[in-house]
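To keep things simple, chains are lettered A, B, C, D and E as they appear, and every chain counts its residues starting from 1.
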Amino acid sequence: MALVPVGLHHFLVLGTLLFCIGMYGALSRSNAVGILLSLELMLNGVNVIMVAFAKFIDTPQELAGQVFAIFIITVAAAEAAVGLAIVIGVYRLRNTIQVDQIDLLKG
Amino acid sequence: MPCPYKRMNVDVWLLTPEILLAIWACVVLIVDLAMPSSASRRPLLALSLLGIAGAALASFALLGTNTTSFFGMLIIDNVSVFFKLLFLLAAALVVLASETFTEHGEFTAEFYGLILFCTAALMLMASTNELMSIYLSLETSSLSLALLASWSKRELRSGEAGLKFFVLSAVSSAVLLFGMALFYGVTGRTDLRAISQVLITSSSPAALLAMSMVIAGLGFKIAAVPFQMWTPDVYEGAPTPITAYLSVASKGAGFAVVIRIFEGALLGGAIQPVWMDLFVLLSLLTMTVGNLAALLQRNLKRMLAYSSIAHVGYMLMGLAAATTFGLSSVLFYLLVYAFTNIGAFAVVTVMARYVEGEDLEQYSGLARRAPVLSAILALCLLSLAGLPPLAGFFSKLYLFWAAAERGLYATVTWGVINSAISLYYYTRVIRQMYLAEPATDSPVSVGLAPAVSLAAAALGVLAIGIFASPFIEAARGAALVITR
Amino acid sequence: MELAWLVPALPLAAFAVIGLLTLRYANLSSFINILAIGGSCAIAWMLFFRVLGGEPPFEQEIPWLALNLQTALTFGLRVDPLSAIMIALVTTVSLVIQVYSRGYLYEPAEEGEEHGERHGPATMVRDSGFARYFAFMALFTAAMLGLVLANNLLTIYIFWEGVGLGSYLLIGFWYRKPEAAAAAKKAFVTTRFGDFGFLIGILYLYMQTGTLQFARLAEMAEQGQIGSTVLTVGALLIFCGAVGKSAQFPLHVWLPDAMEGPTPVSALIHAATMVAAGVYLVARALPIFEHAPAAMLVVALIGGFTAIFAASMGLVAYDIKRVLAFSTISQLGYMMLGLGAGAIGAGMFHLFTHAFFKALLFLCAGSVIFMLHRAGAHDPVDRDPLDPPRAQDIRYMGGMWRRAPISAITMTIGALSLAGIPPLAGFWSKDDVLLATYERASQGGGIYWLLLAFALATVLMTAFYMFRVIFMTFAGEHRGPADAQHIRESPAVMTVPLMLLALPSIAAGLWGAPQLGNGFGHFLEGGRFHSSEMSVGLAGLSTLLGAVGIGLAWAMYYRRSLSPETMAARFRPIYLTLYRKYWIDELYMWLIDKFVVAVSFGINWFDQNVIDGIVNGLANAVGAIGNAIRQVQTGRIPAYALAVFLGLTVIALYAIVLHRALG
Amino acid sequence: MEIALLHLVIWLPALGALLTMLLGQGTRARGWALAFSGLALLAASWLYIRYDLRASGMQFESSFLWLAPIGSSLRLGVDGVSLPLIFLNCLLTFLAIVISWNLEHRPQLYFMLLLVLETAVSGVFASLDLFVFFLFWELELAPMYLLIGIWGGPRREYAAMKFIIYTVSGSAFMLIGILALYFFTGAGTFDLFRLAQGARALPVATQVLFFVLLYIGFAVKVPIFPFHTWLPDAHVEAPTPVSVLLAGILLKMGGYGLIRLCMTILPDAARVLVPILVTLAVINVLYGAAVALAQINGDLKKMIANSSISHMGYVILGLAALTSTGMEGAVMQMFTHGTITGLLFMMVGLVYDRTHTRMIPDMSGLAPRMPFIATTFVMAGLASLGLPGMNGFIGEFLVFIGSYSVWPIPTILSVFAIVLTAGYILWMLLRVFFGPLMPKWQDLGDATPREVFAVATLLLVIIVVGIYPSSVVDMIATGVQPIARLFA
Amino acid sequence: MTPGDVFTAIAFYLVGATTLVAGIGMVLVRNMVRSALLLVLALGGVALMYVLLSADFLAVVQLLLYIGAIMILMLFAIMLTPGQVDLPSSAPQAQRITSALTALAVGVISLFVVLSHPWRIRAAPLDIVTSERLGSLLMSTYVLPFEIASLLLTIGMIGAIVIARED
């Protein structure tokens, strides 16, 4: 993988790294909104990969990656809305969104 | 004027059930707006049922169809129709059983509407053959289920359940997406049929990683160990009708997708041995963890949650067989499982009005207070345990059978031992109901709607077992479409 | 001859009728019983005379137990001289005893008994179990009759156990007395030990020969179709049963305790039924024994040893019935000795005469006990459990000669007969046994000399202890708690049977007397009988020994010129050993308590803690694993998400790396 | 007509259960139960009479294809092995209903369960299709669980749970065994005889494996050491009529399974495994007797329960002889043990109803207060210790004579148990009924006419069969003949 | 190697580094508002990447939808949960380490796979303006997912309102 020209691999690495950083965030954040933010990063990582494939891969399904990415962004939007609604609902009842403290259900 | 979509290989009629359901959800919402706020919302229940019935009729009309549309993204065959009907059945029973839950709640119309929407999404999951549609319908259903799980807004546990379901579903679908991206990258396709043609010979690490990620992502949906962690918490916290719906419809949809991808697209491919072995491992792990964790569980809903995990383990065994018979037995199993689980949860729903929480203690001497109710719960539990001549025995039998035919003897043996162990915790509930003395003598009354739901479940548990032949034949016919 | 089946069937029917229908009617029940046994007695005598008249043996059998589709074991009876004598004997003795029982079975009225301080005569009321008694007696008799008529080992075993049952029921008749109930159980279980061997013997013989018919077995043994090992083993196993039933050493322990039953029961057990069954069995199976010299030797050894062994214990017993019991054991030893010496005639003849005089002796003892009860004999509250009840303790008797002459005379006749004083019945039969032993010994069996010495010593002892009883009971002054004034002879229903039994006790021996041609032996053994010359010397010696024994008893207990107390004190260890019956009961109790029961408690512990412990432990372990698994469900979202990714990692690693590596 | 007869025997109780459930509120249930179990008993008796003793093999056969996809048919039939047991089942259930007549605690459910149990057990004995066999086998579980669990003693829940877990674990292995047979023989059917034909072609090692799988299921039921510990617990806690059925007929399902499935289908494996079976049989006999003896200061019911273990050991011994006489003895022992132990448990129940204790040391001298009970208890005890004239002797003797020629030493060891049995039975009777009456039992009464009827009926069977064994043995002989021929 | 390539490379490395650093910062900083703003920065970087990948339409959508809508929503959420902003937003150290290790493991596996796989590269990389093409694709080939997405949005809307509404 040469540094130049920038090809598929570069973008794949970038996407993967973003995904993993987001993953780390999702695992280590204890604020529920923080987890949601990290999830966005993961989705973006996947999006980068999708779009990169769309550009570089030999495919009969033209632009499928980009279309997929559009849908992912749509889902992310809806997800954010719903997720925040739920988080606020939880906050309203418990006055906390620290996921460590939301463990009434266990065992 | 001819339909413009005809030209583009689009047959909207194939989507009638889903469209009908979505429209009907809107109708329910609109009717609710038109009703005076003080009026009883009970008519909405009937209205929702009407919509479900219409969708079921429309689905029936599709029976025997075997076609694809929407550029190959929509697939209508008997398996998809089977799943559609299964989800509609679950929706109907859950709506019926939820009368007790909704009678004091607000947003009744939205509750029903969301169930209808969600059912439509699940039905789409079962009949798409393309990664984007799968992802989108899966997300749709997940989002609506997360919302439904946190529906009891004053209930601490409900909100927590919703949050857990939401976060974990988002995490899982991110993983699933990564897997789909890799599939797309490896094959250049998002269409499952096309993917399968490419993968027939390839077993590159990328394909394997993609497959692993898809398993992980769908593992969440079907609650296979180790992706099951959310299950007991969410099942416990969610409103009971939603728990039933989760355990049957959502799980069923997960299986529908697993079947489409693994039993359809990846069948016969170069990576088949890998996922077959993985399924066996997951199956062993899942059934063991589910059963052992349920063993001493005192909360009935949690116990049923663990039990449902164990049942996923059994079904994975059927999928691991990767044969027509294996697939058909999984379909049959899902059908039986739907009846039994909904029956069990329906009892819990009805009982919610009379007891505090779901601790087994609360069910002491229920047989004295509500003989029919306890008998139905007992039947459902024994069926889950796989005791003949109940339906659960036959479904499990066919499953083990299929696995045995494939030579998975050790797995089957372990499964049988697991079934024996599982009897312990199911029996504990029966013991509590029949053997313990009731704390109070007040009788339990069951409304008409839950009664219908309970009766249907009981009938299913009793009859499907004894008259299993036609069901099994139908399942086999459906399965043939996929594995052919 | 076809009526033979009626002989056991009639009493059996009486048992059924009384048991099912007439338990509430005491008199009626006893009459039914007497009628039935009387009827079977009549038939038995008829059969006896027919056989005596020379009719050939009669066999009758029906298939009874199918072993498979081809073969079935039969249930059959056989009337031949041996069984003819036995049925006549059994029915007769039994009939007499039944009649006697009608008088005997009364008890002092209950009131006041609790305090134990009552004096004077008691009101005798009919025992509450009167009808039940006659039912059991009928069953017992029926079983014995079936046993003697049986023509094969299976049939004999069936009735054999029936006899055991009858004895169990009758010994435990007064089941409210713990001693009686315990004695009944002891009798049954002890004889079961013997039956264990007997049953194995049956299985063994059947496997080896394929038949259980006595006639067929005898034939095969004669023709040498059965190996000698088989014969020996089979004979010894069968003998195990006889040892149990006939109370031979070492299974004799039940018989002294069996005294707890009503005295007529003891009479029946000791005379004609139960204990006779063992001897009869050996006699019946003698063709097998005869071809197994080793088995014969064992029979003789056990018999000879038991004779002297039991007699020695009889020397010091105080319970009138217990003395008789020891004498029975001892006499049974004689019979065994006779059989073991190869003389079926001698053994059976002694059985025959013994039946009469032993029945007589017991009935007399019963009569004495009855009189004492009626006169108000009662036990002090603090009676030593080793001591017999006062009404049976010869130390508390005496002086009854004048008050109960019939009992006294008849009992003395019986005692003389038992002591072997000519010309009473016992003399002839005992002499037969001695003679047989002598002949066997002179044929070169060294050990038989010893047995002969045993037998002779036993004669002495027997005479001594019998007359010890006679003198202590009837002579001198009354020493008992009962008011001597109230002692009077038993009613006629009891004394008449005594007198009836006295007759054969005197005369029955003549049938087997060599001088008169030994009709008994000829009849029993037919052509095979070899009559032996009566040895005057041997007869004289035994008579002399008997007389010495009587004299010794006279000296010690009548004249009191030798103080028994001093003797007892001087030979205290011996006295104690005898009095405590060689501590064999204690040994057995110890074995049972410390061994069998301890082992079973050990196994029980093992069952509860190890077997069940493993099961419960396994269940608990599974539950613990389940709980451990649930610990993973911490309820925390990050942990759950972590599980997803860890799972993904593992799956991916497996799919990409491991699966290929594993092939 | 005759085919219908067998179906009547099986389905009448089920119909009765349905009617009891629908129409039998409160104590009305007992009437329905009595009527239908009575009808079933009549049908069974008629079947018994109509049985053709000259023919061996199955009679009254019928078959309906039922689960076509797996090739299972509802195939029923009886032979000399199963018919006596079916009759016993009908008889004991009928009597169990009679002695439960005054039950006040939830009678409707109770009688319904008894009837379901009857159908299940009859079905097990009559099934010639292994799948149907298994269904009936499992059908018995839930009623038994509830019967012990609801109407049992203080530790009923533990006992009921133990019962069901043991049995289900066992039957899980059995199911695996049945399926394994199905797959490996390739017969494509669950038909007993077709499977048997197919199984002979399998390698012996495979047969042994299958035998062991089936065996575990049956061994739990019999029960054979070391799978026996559920039995004393279940018996101690179960109510009297349930104990009667449990000991009287349910244990026999295990023995029946061994002879009908293990021996018939896998004779080669049986030949290989008999040494182990014999060892276990002897252990059962002596071990059970020893544990029973150890209860002499303990629970009366536990003693009888352990004596059951001991006596069922004879069944195994007889089977392991692999001779026609031994098998005949084994089946006969099952029949006789069913009647005797049923009666014994009935008697224990009658005593318990009066004294409300089962601890042997707490009782003494009860006989004068309850002469009938004492008498019949003694008779039952005597029958149990194998007294000739009672049917217990017949079974034991046949077993002994059948097995002695093959296994002399084990047979001798087993015969020794007759001494032990006499010991503990008589000792127990002694302590319970004889000796001085305890003042606290002064006011106890004897059996009621209803109880007398139940007890006397069983006693009648015991004695009639004891005196005239051909009434049962001849039939059994026809039944075991074809099976024994496999080993000839 | 054309100057265009060099320019692209420079842009890629600059923007990529920024994006990664912003991402890392986003998951590490304690304050939730800063975390959200760093995410905005990362998302912006991704938008520029879309431009480099010939996805102009996507870049616009990214800017408008993500940064415009989603992030505002997020910030709202952060503001609506007062008291939660400055709480320790990371889990205890042990959990952070396991998380890091897991992320590393998944990252190593994924990187190994994506770098080692022989991707079938097309002859001429996509280099057109895609907006119009995308529009027509969404309305034709991808009409089914498009419809499902609309269902998704409807549900999200209704549900979010119901759940978030105060009683």
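Couple of notes before you dig in:
As a working rule, a contact is a pair of C-beta atoms (placed from the backbone, for glycine too) under 8 Å apart; a residue touches a chain by one contact, two chains touch by 3 or more.
Predicted model, so just to flag it, every value in this text is computed and none were measured.
Chains that touch both chain C and chain D are the following: B. Centrality by Cα centroid goes to chain D.
A comparison of the B-D and A-C interfaces places the larger number of contacting C-beta pairs at B-D.
Distance from the centre of chain B peaks at C, each centre being the average of the chain's Cα atoms. Distances between chain centres, each the mean of the C-alpha atoms, put E farthest from chain D. For this pair, chain B with chain C, the centres built from the Cα atoms lie 78 Å apart.
Centre-to-centre spacing of chain A and chain D amounts to 66 Å, using the average Cα coordinate of each chain. In this assembly, the C-alpha centroid of chain C lies 103 Å from the C-alpha centroid of chain E.
With each centre defined as the average position of its C-alpha atoms, the distance from chain D to chain E rounds to 72 Å.
In chain D, 165 are the positions where the chain touches two or more neighbouring chains simultaneously. Along chain A, residues 12, 19, 22-23, 26-30, 32, 35-36, 57-59, 67, 71, 75, 78-79, 82, 85-87, 89, 99-100, 102, 104-107 each make contact with two or more other chains.
Each of the following residues of chain C touches two or more other chains: 630, 633, 635, 637-639, 641-642, 645-646, 648, 652, 656.
Pairs of chains that satisfy the touch definition comprise A-B, A-C, A-E, B-C, B-D, B-E, C-D, C-E. Interface residues of chain C, counted against chain E in their complex, comprise 638-639, 642, 645-646, 648-649, 652-653, 656.
The residues of chain D lying in touch with chain C in their complex are 56, 165, 225-226, 228-229, 287, 289-291, 293-296, 324-325, 328, 365, 367-368, 382, 387-389, 393-394, 397-398, 400-402, 404-405, 408, 411-412, 415-416, 418-420, 422-423, 426-427, 429-430, 433-437, 469-470, 473-474, 477-478, 480-481, 484. Contact residues on chain A toward chain C in their complex (touch as defined above): 23, 26-30, 32, 35, 99-100, 102-107.
Of all the residues in chain A, the ones that touch chain B in their complex are 12, 19, 22-23, 26, 32, 35-36, 39, 42-43, 45-46, 49-50, 53, 57-61, 64-65, 67-68, 71-72, 75, 78-79, 82-83, 85-87, 89-90, 93-94, 99, 102, 104-107. Against chain D, in their complex, chain C makes its touches with residues 63-69, 154, 157-162, 164-165, 168, 172, 175-178, 180-182, 184-185, 188-189, 192-193, 195-196, 199-200, 203-204, 206-207, 596-597, 599-601, 603-604, 607, 611-612, 615, 619.
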